[in-house]
Every structure is written in structure tokens, then in C-alpha cells.
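So, here's a batch of structures to check.
Common to both upcoming complexes is subunit A, partnered first by subunit B, then by subunit C.
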Partner chain A sequence: MKESFLKSMAWLHTWSGLLVGWLLFVIFVGGTIACFDAELDDWMRPALHATAAPQTPRFDAAFALSRQQAPDAHVWWAHRGDSRDRALESYWVLDDGTEGQVALDPGTGEPVPGTAGGEFFFTLHYNLHAGLPGMYLVGLAGMLMLVALIAGVLIHKRIFKDFFTFRPRARGQRAWLDGHNVTGVLGLPFHLMIAYTGVAIFTASYMFGGINAAYDGSVERFFAEAGDFYERPETGEPLQRLHPVDPLVADAERRLGVPVDWASVHHPADSSAVIAFGTDHSRRVAWDMRQVSYDGETGAFLHQSREPGAGYTSYAYLGGMHMAQFGGPALRWLYFLMGVAGCVMIASGLQVWVRKREKRVAQAGALSGYGLVLGLNVGVVAGMPLACVAMLLANRLLPAALPDRAASEVAVFCASWILAALWGAWRTRRGRGWRELFGATALGLVAVPVVNLAATPDSALPATLARGELALAAVDLTLLAFATAFGWLALRRPGRAVQAELQARLEAP
Partner chain B sequence: MAVLIVLTCLLGWALLSLGLARHHIALLGHEPALQRTRRLRAAGWILLALALPACLGAYGWGQGPIFWASGLVLGAILWVLLMGMLSRS
Partner chain C sequence: MAAMRNADLHRGPRWRHPARVATRVAAAVFGGYFLAHATTAFLTLALPLAKADRVIFASLLSFGVWAAAAVYVFAAASAWRAWWVPVLAGAALLGITLLFPGLAARP
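After this line comes the complex of A and B, so read on.
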């Protein structure tokens, strides 16, 4: 009984892990980078470097731009520039769900060159840029990760004996298995927490029975009621004139008791227009979703959301624990490093799968299941970091005046990933794909600070360090640290076992 | 402060692992006496435990436990990496 239970758990761990391993790797890399999404947004807008965000937000400048771009939007939304990300962001959603976004200089209100920014990785992390289906896919991967984690603990026979064991110089699968075990077991509290809370954030969308029964399937209505947001139906009458937003900020901050972080205008062309303000989530673990609302025409105070109930606060706590907006840069660094450990856990687990089946993998042709696993391994695990680096390089090298610059950055990301994956899959049969992609990634990582210095000297290390803009400098320095790691991976001398395997593979017909 | 917490946890895990004969031999070259093993383990546990009040003092009850858990995780991983480099093998 016990033996068969462990066997079935081993089966579950192997196949649930393999099935979503590549997807999880993408989600983990995206999420790890997204720990610093706002800082990366800032880094990717060199036009704003060396300026300081003004003390008072200038929402009206952002809404003036929204009016030009989308006069009858469903909602305009603006984010004030802050210490993490200086840009004043103007964002709108049309009635049909299409969205638009422009970043502005918080001082002058002028648009700055567009960028996909750190936001790109955040969206990649939770829906793979594939909307609702992507969100469901990520949720499924998260649930299977929980399954793989628990099954993994159950099948680990020497979990306490091998608690500290890591033998990087061991042969064959041993070193990979040690690496997988160490990052998995020691990182387990983080992995369980991040997978569980990640799935919990969209629980209303994944388990929609209650929403269907009580809210006619509208998740938005559920959240509006739970958070006590103010909404009123459109009248169909045109709005005479939108009340200026900035003069209301002081009153909103007095009522909320904390600085305002964003402002929104719901149906700005209709006489029912509502101006709302909210704050950020930096003060406590649970999200702070409180809002104050004002009449769009008169600016009269309409509503302040009450303190949320225990259920909603529990939910906001889980969500907040996942998103790590509390605790400042220190906590973001801790999450970032644990995220890196998660990436290593997934990548090494995929390696263990291959190493365990070494003989069969070596004998199988390129067009077999094993060939597919080998190709996906190198294509995703070695290809994605290279694509991220290519995107950062594109950010500095693409001309500033390029129309739809953000989309061009994303195009560079996708194109370099596809090329890297094809190259890796082709070369890996000769045992070279991994090293070449890691080497290219290391070179790219070194190139980013150099290109930064050449293309935008005011945003490069000497200037940012001199000005004390440490978050910007940290991006370049982190890239250099990763360059060292990737360089080591590329140049590391293969063990004797690996060399023998390569020889066997080359001699195989 | 967060760096200090991670380092405290790292030291705690280091002492705990040295309390195991296998790692003691790998790092220091000889088997530890029983007495020494006990002392190392006790010191390790105490350091890991002390990191909690430090976190609570620095970050409060709301966030302190999360910092502590993160410190435990990263301290352990960093120590294992370090031990892999220091081991005589």
C-alpha cells in the first residue's frame, strides 16, 4: 500500500511538473522580474531620469490627454508619478474593453517615448498577454504547481537527512536533483505561499458558481460590492464640463488619511460622471482598496467606501502577500531572490526529468517526445532570459520617435525568443545549445549597461550613482550580476559524465 | 535590517548543519564530539528563533512574520550554496 502510494505520488509529481514546467518557468521569470515592475518602468523611460516627481499630482494633465485620445471612454484612469516610477500615467478603457495607455512627464505633462516597461512582465506573469484564457491557463498551472509541491514533499524520502545536501560536482542527474531538492525544500514556504495566494487572487474567476448565482456572472459587480465602490448608471445626457480633478485631491487625502495614488473618471462624457481617488498598497500587507468619489460636474463629495469586512480583508491579505507592495525595497529584494530560487527549482526539475531518462533520450530521434522535451527545455529555460535581455537592449536602441514603440519592444522580445528557441533546439542535439544561449545571454547582459552608457549617458551607472538614483543603478548592477552567473553557466567545464554522454550522442547514428 | 535578518538566519542554519556529523566532516575535516553537536544545534535553533523577535521589532506584527519566513528561506538557500563552495571534496 505504502509503496504504491509513493509510486503514484512520484508519478503525479513527475507528470504534473513536466506538463506545466515550461509554463511555470515563464510565469516565475515574469513574476520575479515583476517584483520590480515599477522600478523597471522607470528605468525604461530614460527621458524622465534626473527629474523629480512633483509633490502634488497633476491628474488634470493626464485626463486632458485621455480626452484627446478617448473622449467617450468607459473610464479614464491616471497614476501619479511616485518615488518608484516617476511617470504620470494616463490610461483608458473603452466600453468594448479596448485599452490605451500613455506615459507623461509628471512636471510638464508632455508625453514621453512609450515602452512596454516592467508592466509587460507583470501582465505576462498573470495572463501571458492572452486575456481571460491566459488567466485560466496561469491558474491551472498554479494549481498543478501546488499538486507538484505537495507530491514532491511526500516522495522525498530523505527530506530531513538531505536537508542541507548540495553536491554541485556530482555526476549525472545527482547534481541536478540536489539543486532541485535544495531550492524546492528550502524554498517550500515561499513556493507554497506564492502558488496558493496566486491562485487565490483570481478565485472569483476560477470558481464562478457563487458569482453566477448572486451577481449574474459579473465579477466586477462582486468586487464593487465587496469593496463598497461607488457606481451610478449612465444618464445618456452629455456632461456640461468636467470639474477639475486636482483641486479635489486635498479633500480626498483628508478623508482617506493617506496620500492619493491614483484618480479615475467613470463615463467622462456622461452627466453621471464620477471622479474617484484611491491610494497604494504600501502601508500594510492587505491591499488598501478604499476609494472616495465626487460628482463629475460639481465636484461635490458623493461617497467614501467603508472599511471592508473580515472576508474581504482576508482576501486582500492573501492578494497583498502575493503582490509584495508592502515592506518597501527590502521585501521586494527578498521576494525577488526567492523567485530566482523558484526559477532554478523549475529549471533543474526539468533537467532531472531528462537526465533520469538519459539513455532513452540519447537514442530517441529529434522528432520524438524526448526530442520535444529537450527542445522545449532549451527553448524556454535558456531562450526566455535571452529574450528579456534583447528587450532591454531594444528599449535603449529603438529610436525615441518610433510610433508604437512599446509594441516594437515586445516584437523584439518575441522574435529573439523564437530565434533563440530554434537555435537552441537545433544545436542541443550536438550538446551545444545551452552553452551558446547562456553565453549570448551573458554577453547581452553585459551589453545593456554599456549600451545604456552610449545611448543614454544620463541614465547609465556613472550618472545614476552620482545622483543617488539607486533603483536605476540597481537595474544595471543586477544585470551585471546575472551576466556573471550566465557566463559561469556558459563556460563551466562539463563533468566527465556529461562529456561521455556527449560522445555517445555524437556517435549515435 | 533585512540583510541582517538573512545573515542571522544564515548563521543559524550554518550552526545547525554543523551539528550534523556529515556536514561537520565535509567542512572541518573531522567528526564532532556529541557535546559539540548538541551545542551547535542549540545555538542554531536559538539564532533562528531570535530572528523572529528582531523582525517583529523592526516590521511589526503585520509584516514581521513574513520577513522572518523570507529570512529563513533565503538564509538556508544561501548557506547551502556557500557550503557547496566551502566543502572539501
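After this line comes the complex of A and C, so read on.
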């Protein structure tokens, strides 16, 4: 009974892992980079690097721009510049769900050149830039990851011993399997936590059995009650004049007891308009979702959310654990390193699958299921890092005045990924794809700080180190560290077994 | 017991066939989800808490139920059982919840 249970768990691990492995890799790379999304946002806006974030927020400047762009939006939302990301950001969402976003100079209130920013990786991480269907796909991938982790633990009779076993000089499959085990077991508590909290964040969308039973399926009513958010229906009458937002900040901070981080205006064209303020999540593990609301016309105080109940606090705690806004830079680095370990775990796991079936893979040829797995492995695992690097280069090289500059950065990301994947899939049959893509990535990673120095000297390493802007300098230095790692992967001498295999492949008719 | 173990070892699940893997994966995803959904509804009825808290704790537990269901589906002796156990258990839990709509929506 035990043997067959282990066997079926091994299959569960293999298939749940393989089915979503590539998707998980993309989600993990996105999430790992998004640990520093605000810092990367800041790095990608060199126009602001000479300015300091002002002490008092200038929400009215952001809302003036929202009014120009989207006068009858469903909601305007503005984020004050802070020490991690100094841009003043203006967002709006229309009634049909369309969104817009502009970053402003926090001092002058003028728009700065657009960028996809670190935000791009954050959105990639949770919905693949594919809206609701993407969010469900990511949820399914997260769930299968949770299942693969549990099955992975169940098949390890020697989980502790495996942790201390790493044989990089061993034959192909053994070394990949050890790499998979080391990163998997080392990061296990983190991976379990991140997979579970990741699906839990969107529980209201993923698992609506409870909301159906208790709230007639109304997610809005559930959240309004659980989080005590203030809402009022639209009247259909036009708003005479929006009360200035900035003068209300002091009162909101007094009521909340913490600095205000963002402001919003719900239905800004309607006489029912509501101005609301909230804070960030940096002071404790659980999200601080409390809001203070004011009348849009008179500025009179309307509502302040009470501290939420046990359920919502638990939910906010899980969400806070996932988003890592609470522990400062040290915690972000820890999450980043564990995220890198996760990327290696997934990539090496996919590689084990191929290595285990080496003979069948070699016989099956390019146009087969095995060929597809080989191509996806190199295209996703080696192609995506190259695309990320290309996007950072585009950020510094695209002209500042380019209209829709953010979309152009994303286009560079997509185009370079497609090209890299095709190149890798074609060359990998000759045993070259991986090395060439890793090599190109290493060169690109070295190029970013150099291009940075040439295109925007005030934002490059000498200047940022001299000014003591360590977060900006850390981006360049981290890229150089990764360049070393990718260079090592590209130049590493293959083991004897791999050399023999390559030789055999080249000699084959 | 010993005889059964021997038989299992010799027979073993013949997983090679892609269709067999596909059946189990589908049972784990759809059967497992249905059971998790039904458990969420049932716990929203059964937990002795305030309404919002019942919904949240039920939802947060459901992902564990789904993962456990996936393990069961792959460990089950036959594909047939891998389907009917989670679906029947889910139908029972959801059925009970639907019988008491007022109780599930109590404050």
C-alpha cells in the first residue's frame, strides 16, 4: 500500500508541477522582481532622480490631471511620493473597468516620461496582464503549486538528508535533482506560505461558496461589511465643485494616527462624490486597510472604518505576509532571495523531467510532446530573463518624448521574449540554446549600468553612490551580480557525461 | 492485508497511459474544487462565528480541503472512486447548506 501511495504521490508531484511549471516560473520571476517594485519604479524614472519627495502630499495636483484625462471616472486614486518611489501617481478607473495612470513630478506636478515600471512585474505576477482570466489562471497555478509542494514532501522519505546532498559534478539528472531538492527543501516553509497566501488573497474571487451562502453572491456587500468601507449610491446630480483634497490630509492623519499614503475620489462627477484617505502597510504584518471618508462637496467628515474583526484581520495578515510591505529593506531582500530560490526550484524541476526521459526525448524529435517541453523549458526559463533585461535597456534608450512610452517598453519585452524563445528552441536541438541565451542575458545585464551611465549619467552608479541613493545604486549592482551568475551558467564547462552526449548527438546521422 | 499489499505492488497504478493521468488531473481540479466550494458553503452555515468571519475562515480553510482532495484523488485505488468520493461528499455538504439558506445568511 505504502509503495503505491508513494508512487501516486510522485505522479501527482510530476504532473501538477509540469502542467503549470512554466507559468509558475513566470509568476515567480515577476513576484521576485516585484519585491522591489517601488524601488524599480523609481529607478525607471530618471527624470525624478534629482528631486526629493516633498514633506506634504500634493493630491490636488494629481486629481487635476485625473480630471483632464477622465472627468467621469468611477474613481480617481492618487499615491503620494515617498522614500521608496518619489513620483506622485495619478490613477483612474472608468465605470467599464478601463484604467489609466500617469506619474507626476511631486514638486512641480508636471507629468514625467512614462514607464511600465516595477508595476509591470507586479501585474505580471498576479494576472499576467490578462485581466480576470489571467487572475484565475494564476490562482490555478498557485493551487497546483501548493499541491505539488505537499506531494513533494510526501514522497521524501529522507527530506532532511536530501537537504545536505548536492552533487553538481554528478551526471546530469542527479545534479538537477539535487538542485531541485536543495532549493525546494531550503525554501519549503517560504514556498508553502507564499503559495497558500497567494491563493488566499483572491479568495473572494476564487472560492465564493461562502459569499453565495451568506451574502447572496454579492462580493461588494461582503467586503463593505468585513472591512467596514464607506460607500454611498450615486445621485445622478452633477457635483458643483470638488472640495480641495490637500487641506483634509491633516484631519485624516489625526483620525488615523498614522501618515496618509493615498487619497481617492469616488464618482468625482456626481454630487455623491466621496473623498477618502488611507495609509500604507509598512507598520505591521497585517494590511492596514482603515479609511477616513469625507463629503466631496463640503469636505465634511463622513466615516472612519473601525478596526476589522477576527476574520478580516486574519485575511489581512495572510495578505500582508505575501506582499512583504512590513519589514523594511532587510525583509524585502529575504523575500527576494527566497523568490530566486523558488525560480531555481521550478527551473531545475522542469529540467529533471527532461533528463529523466533523456532517451525518449532524444528519439521523439522536435515535433512531439517531448520537443514541446524542451522548447518551452529553454524559451521560458532562459528567454524570460533576457526579455526583462531588454526592457530595462529600452527604459534608458527609448526617447523621453515618445508617446505611450510605457507600452513601447512592454512591446520590447514581448518582442525580445518571442525572439529569444524561438532562437533557444531552434538552437537547443544542437545543444546550444541555453548557453547562448544565458550568455546574451549576461551581456545585457552588464550593458544596463553602462547604458545607464551613457544615457542618464545623473542616475548611474557613480552619481547615485556619491549622493548616497543606495536603492538606485542597488538596482545596478544587483544587475551586475546577476550578470556574473548568468555568465557562469553560459561559460560553465559541461560535465563529462554531457560532453559525451553532445558528441553522440553531433555524430548521429 | 499482506495479500492486498502484494497485489498492489504487482498491479500498481498503470499511470503510463496519458488518458489515465488526464482523468486524475481533471478529478483533482474539478472534483477537488467542487468539494472545496461545497465545504466553504457548509462551514459558512456551521461555524459558530459572526457572518463575515464565518465566510472568511470557511474560505481560507477551503484551499487546504482542495489540496487534500487532490492528494486523495491521486492516491485512490480507481479512477472511478477518484471521481465519486469528492463529488458525493461535496454534493452532501452543499445540499445541507442549501436546505438552510436563512441560517447560512444569519448575522
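Things worth noting here:
Operating definition for what follows: the second predicted complex is superposed on the first by the 497 of 509 C-alpha atoms of A that agree within 3 Å, B and C clash if a C-alpha of one lies under 4 Å from a C-alpha of the other, contacts with A are read in each partner's own complex, and residues count from 1 in each chain.
Everything that follows uses one rule, which is that a residue touches a chain if its C-beta (ideal position, glycine included) is under 8 Å from a C-beta of that chain, and two chains touch if they have at least 3 such contacts.
Everything numeric in this text was worked out from a predicted model, so none of it was measured.
For subunit A, the partner with contacts to more residues, out of subunit B and subunit C, is C. Of the two partner chains placed by the overlay, neither subunit B nor subunit C lies in contact with A:136. Look at A:200: by the touch rule set out above, it reaches subunit C but stays clear of subunit B. Residue contacts after overlaying the shared chain place A:154 against subunit C, while subunit B stays out of touching range.
Once the two complexes are laid over each other on the shared chain, residue contacts for A:321 go to subunit B alone; subunit C is not touched. In the superposition on chain A, no contact is made by A:230 with either subunit B or subunit C. Look at A:301: by the touch rule set out above, it reaches neither subunit B nor subunit C.
With both structures placed on the common chain, the touch criterion links A:189 to subunit B but leaves subunit C unconnected. Of the two partner chains placed by the overlay, neither subunit B nor subunit C lies in contact with A:426. Taken together, the two structures place no residue of subunit A in contact with subunit B in one case and with subunit C in the other.
For subunit B in complex with subunit A, the touching residues are 1-2, 6, 13, 17, 20, 23, 59, 62-63, 66-67, 69-74, 76-77, 79-81, 83-84, 89. Note for the complex: subunit C touches subunit A at residues 4-5, 8-9, 12-13, 15, 21, 24-25, 28-29, 36-41, 43-45, 49-60, 62-63, 66-67, 70-71, 74-75, 94, 97, 101, 104-105.
Against subunit C, in their complex, subunit A makes its touches with residues 1, 3-5, 7-9, 11-12, 15-16, 19, 140, 143, 146-147, 150-151, 154, 196, 199-200, 203-204, 207-216, 222, 225-226, 309-312, 314-315, 318.
Interface residues of subunit A, counted against subunit B in their complex, comprise 163-164, 166-169, 182-183, 186-187, 189-190, 193, 284-285, 321, 326-327, 330-331, 333-335, 337-338, 341.
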